[in-house]
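In what follows, a structure is listed as structure tokens, so that the remarks can point back to it.
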Amino acid sequence: MVVGKAAIRCFGVAEASISDSIAAARVQGHPVQGRKQEIMIDKRVTSIADAMKGIKDGSTVLFGGFGAVGHPGQLIDGLIEHGAKDLTLVGNNAGSGRVEPLVRLLATGRVRKIICSFPRSAGSVVFDEMHKSGKLELELVPQGTLAERIRAAGAGVPAFYTPTAYGTALGEGKEVREFNGRMYLLEHAIRADVALVEAWQADRWGNLTYKLSGRNFNPIMATAAELTIVQAQHIVELGALGPEHIHTPGVYVNRVVHVPYGDPAPALVTTA
Amino acid sequence: MTTTASRATGAAEGFKPWTRPEMAARLAKDIPEGWCVNLGIGIPLLVSNFVKGREVIFHSENGIVGMGGLQKPEELEPWLVNAGKQNVNLVTGASIVHHADSFAMIRGGHIDLCVLGAFEVAENGDFANWTTSLTDGVPAVGGAMDLAVGAKRLWVIMDHTSKDGRPKLLERCALPLTALKAVSRVYTNFAVIDVGPQGFEVIDMAPGLSMEALEAQTGAKLKRKAA
Amino acid sequence: MVVGKAAIRCFGVAEASISDSIAAARVQGHPVQGRKQEIMIDKRVTSIADAMKGIKDGSTVLFGGFGAVGHPGQLIDGLIEHGAKDLTLVGNNAGSGRVEPLVRLLATGRVRKIICSFPRSAGSVVFDEMHKSGKLELELVPQGTLAERIRAAGAGVPAFYTPTAYGTALGEGKEVREFNGRMYLLEHAIRADVALVEAWQADRWGNLTYKLSGRNFNPIMATAAELTIVQAQHIVELGALGPEHIHTPGVYVNRVVHVPYGDPAPALVTTA
Amino acid sequence: MTTTASRATGAAEGFKPWTRPEMAARLAKDIPEGWCVNLGIGIPLLVSNFVKGREVIFHSENGIVGMGGLQKPEELEPWLVNAGKQNVNLVTGASIVHHADSFAMIRGGHIDLCVLGAFEVAENGDFANWTTSLTDGVPAVGGAMDLAVGAKRLWVIMDHTSKDGRPKLLERCALPLTALKAVSRVYTNFAVIDVGPQGFEVIDMAPGLSMEALEAQTGAKLKRKAA
């Protein structure tokens, strides 16, 4: 039914590729006690390289984290190794210093554009240099609008109205509309090809929990991409996460890789 | 007169229509392991009986991801209900979300398949399943319209003809629509039919049924699906 | 600053009344171990009558529940006792039979309009009678659109686009817009004066958890009203609910009343 | 030159400007128990030091409702940071939400008060605090614009004049705006000033400061707030 499929594809949910992901996940299936020889849902992959398979040049990539906390640094490293280029990155920050994975990814020159709320920080030298020299495009979005645009993509809402940024430089050129005497801007969903997510616990279905402030953008990003890849500190048995305490249902997740990297670096620098 | 009527027709034509469990089993066969599936109330719910041994995740729009079967009297947990407000179980790995998150999952294209019943399906994929009249009685819509536009694919399971023997697969729907161009496949007691770019394409027929006999019970052109 | 206040009031968040609620909550404050004589946040009220105070004629009232599960029946009873009239009710169902609180509220004739997705059920006799006789207006809304309109109100989003109901009778008269080749309807937030919520656990700040399918519409309704009133099966000490497992932060809640009514009736009838 | 400059001015005028802790304490006095408050980075954060003994719930836009103070080295929990990415504690009763829910709380009017710093505040409530230039350097906005339009009320806390002694309370802002008609009150080292329907209304002044001296440091008309 061509029309329907085309319509759905507008949001980037290409049927074939999703089925491919499921097939890929199934390949990872292996015998488990009591269900020997039976293939089942198992989204775990055994290496970061496997987790990155199929990411194409030109992809839009969401990355979780608020600074270092809940940031999937090892997956970003994997993306560098993978080599995809002409990328659009979407996340809150643009990294600081010269050694963290996000900054090294920017330095490869494979990122065309970054959509974020807070690119500038004390140490955001690489972003600064590349942006000033015209090598990296910036779309600056208020943090709440960024979050809502990502959430909207995952929720099948193509656009919504928000009061944020009305009358400011960041609202220029946007469609304005009045509701009940107040002015709002029209904002569009940010649908991505790939989401890179950092979780605390994951099971083989891809059900996730996040630790404290590590939650931040991760749950909404997990919903907004065609291919959601998770690095999890802990892999747990199916059923170990309480049904009422799962933060991201596995339905949103395509691949999970175990990355027990430990704690994020304590961060006392003042940035946002 | 309902299924009996259809079957009588079948008998008259010299073939044996599929029973409801057979229809549900035929549909279930086409669900790959790993899909997340929402089943409507009625015949669609029967589908869950025929996926044993495969991990299929059933979604219920009131916020259950990983719904199990109906509760037995001895396992009563009154705080768990499905979309039909029957008491159900959770499977291992299930999670609970609130209503906005559940419909975000639906609308956002995260449900691989929705199976619904219908009054009418048109050859362009339009379908009608929520009310037979906008003026008589009180209409109710529930989550049907959201599921119809939101799930990655929508399959309809229904009797091939109405209770009084009229075709339910039509050139155009006459009843109030649930969604436009939404149905991709129809499972009836007579046949399995894809909704293709040029209209209905027959994939499978009940044993003994001829294409001519099927066309006689259908309100739109049929062609065989190319292999 | 008049303009700003007026703008916020468009959404029904009148500053004065919120402050009143807080003041009212504070009146309930009482000495607690280690903080003797000190007034603190305590949203608990001791009777359903107290919980209903200040609800005005003409109010829009959200009520939680999917059928009987998570439905604040005792608060609805309280609303009948309270006597407010000319109400607009917003919830999924319109009740069945003749004895449940929602049906008895409809029967009082004090409800002008109901906004819901599934008014009809096997036993929805009172709704049927009143609607047919023109005594009760109905706005029929697809269930997902209903949920999203309520969520939008709580999230400060006045309107959004959805594909649901495009081209159907329920989309008639609504604004249509195309995004990326697909057609969508503009839908508006449903902001309410009062939300009636059923929770499993509550603490004195109004932090809430819900039990299993009892969650349904309750968390979003709690965010979308000027006055959110909760009936809770269990009252727990502040801190007893884990920070990562609270389903509704107390910020959204104005009053909590302890109603240990037990389980909803097992329901095996087929309705939606 | 910064606060020193202002104080020098104060000394020259024969009054003693408030210190930053005094400004924060003065603001904190106006926060009723029970409010949910979001404090911006910098001087606003000092406010949390002066609400001891009252239950005020601090919100951090990265998803904390019920934020406590900065962590001491011995209580390090690296998985808890505030909006400034400093390690903080939770108070009893705290909860964690994701970013979209956190900004839904902000945009939906559920935060009673937001306190921000600013470069400029205009007499109609417009203010500028996110960038001094759209062309020099890389701008960053964070959550300031969301907080400014979403919180029930926005109070600005800042020095009364800029580092080089120019007024920061103006008839109209010159710098890129953060939000229109958003500020309802300003706490400076010289005075506490409401943004009323007709402009700035002085509520309180530093000891020894005259209305004339205050006006000399302000780029817009001032009137005394009617009692």
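The letters A, B, C and D name the chains in turn, as written, and every chain counts its residues from 1.
Simple rule for what comes next: a residue touches a chain if its C-beta (ideal position, glycine included) is under 8 Å from a C-beta of that chain, and two chains touch if they have at least 3 such contacts.
Quick caveat: nothing in here was measured; it's all calculated off a predicted structure.
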| item | value |
| --- | --- |
| Set of chains adjacent to chain A and to chain D | C |
| Selected pair, greater C-beta contact count between B-C and A-B | B-C |
| Centre-of-Cα separation between chain C and chain B, whole angstrom | 32 |
| Chain B-chain D separation of Cα centroids, rounded to whole Å | 57 |
| Chain C residues counted as touching two or more neighbouring chains | 7, 11, 148, 151, 155-157, 162-163, 210-212, 215, 243-244, 247 |
| Chain D, residues touching no fewer than two other chains | 96-97, 100, 103-104, 106-107, 150 |
| Each pair of chains that touches, named by its two labels | A-B, A-C, A-D, B-C, C-D |
| Residues of chain C defined as touching chain A within the complex | 6-7, 10-11, 148, 152, 155-163, 179-182, 184, 188, 209-212, 215, 243-245, 247 |
| Parts of chain A lying in touch with chain B, wherever the complex brings them together | 1-4, 7-8, 11, 13, 15, 18-19, 22, 25-26, 38-41, 151, 153-157, 203, 205, 207, 223, 238-239, 241, 243-244, 246, 249-252 |
| Complex contacts: residues of chain B adjacent to chain C | 41-42, 61-64, 76-81, 83-87, 96-100, 102-104, 106-107, 134, 137-146, 149-150, 176-180 |
| Chain C-touching residues of chain D, taken from the complex the two chains share | 32-36, 53, 55, 57, 59, 65-66, 90, 92-97, 100, 103-112, 124-125, 150, 152-153, 181-184, 195-197 |
| Chain A residues within the chain D interface of the complex | 66-69, 117-121, 124, 127-128, 131-132, 138, 140-145, 147-148, 150-151, 162-170, 210-220, 247, 263-272 |
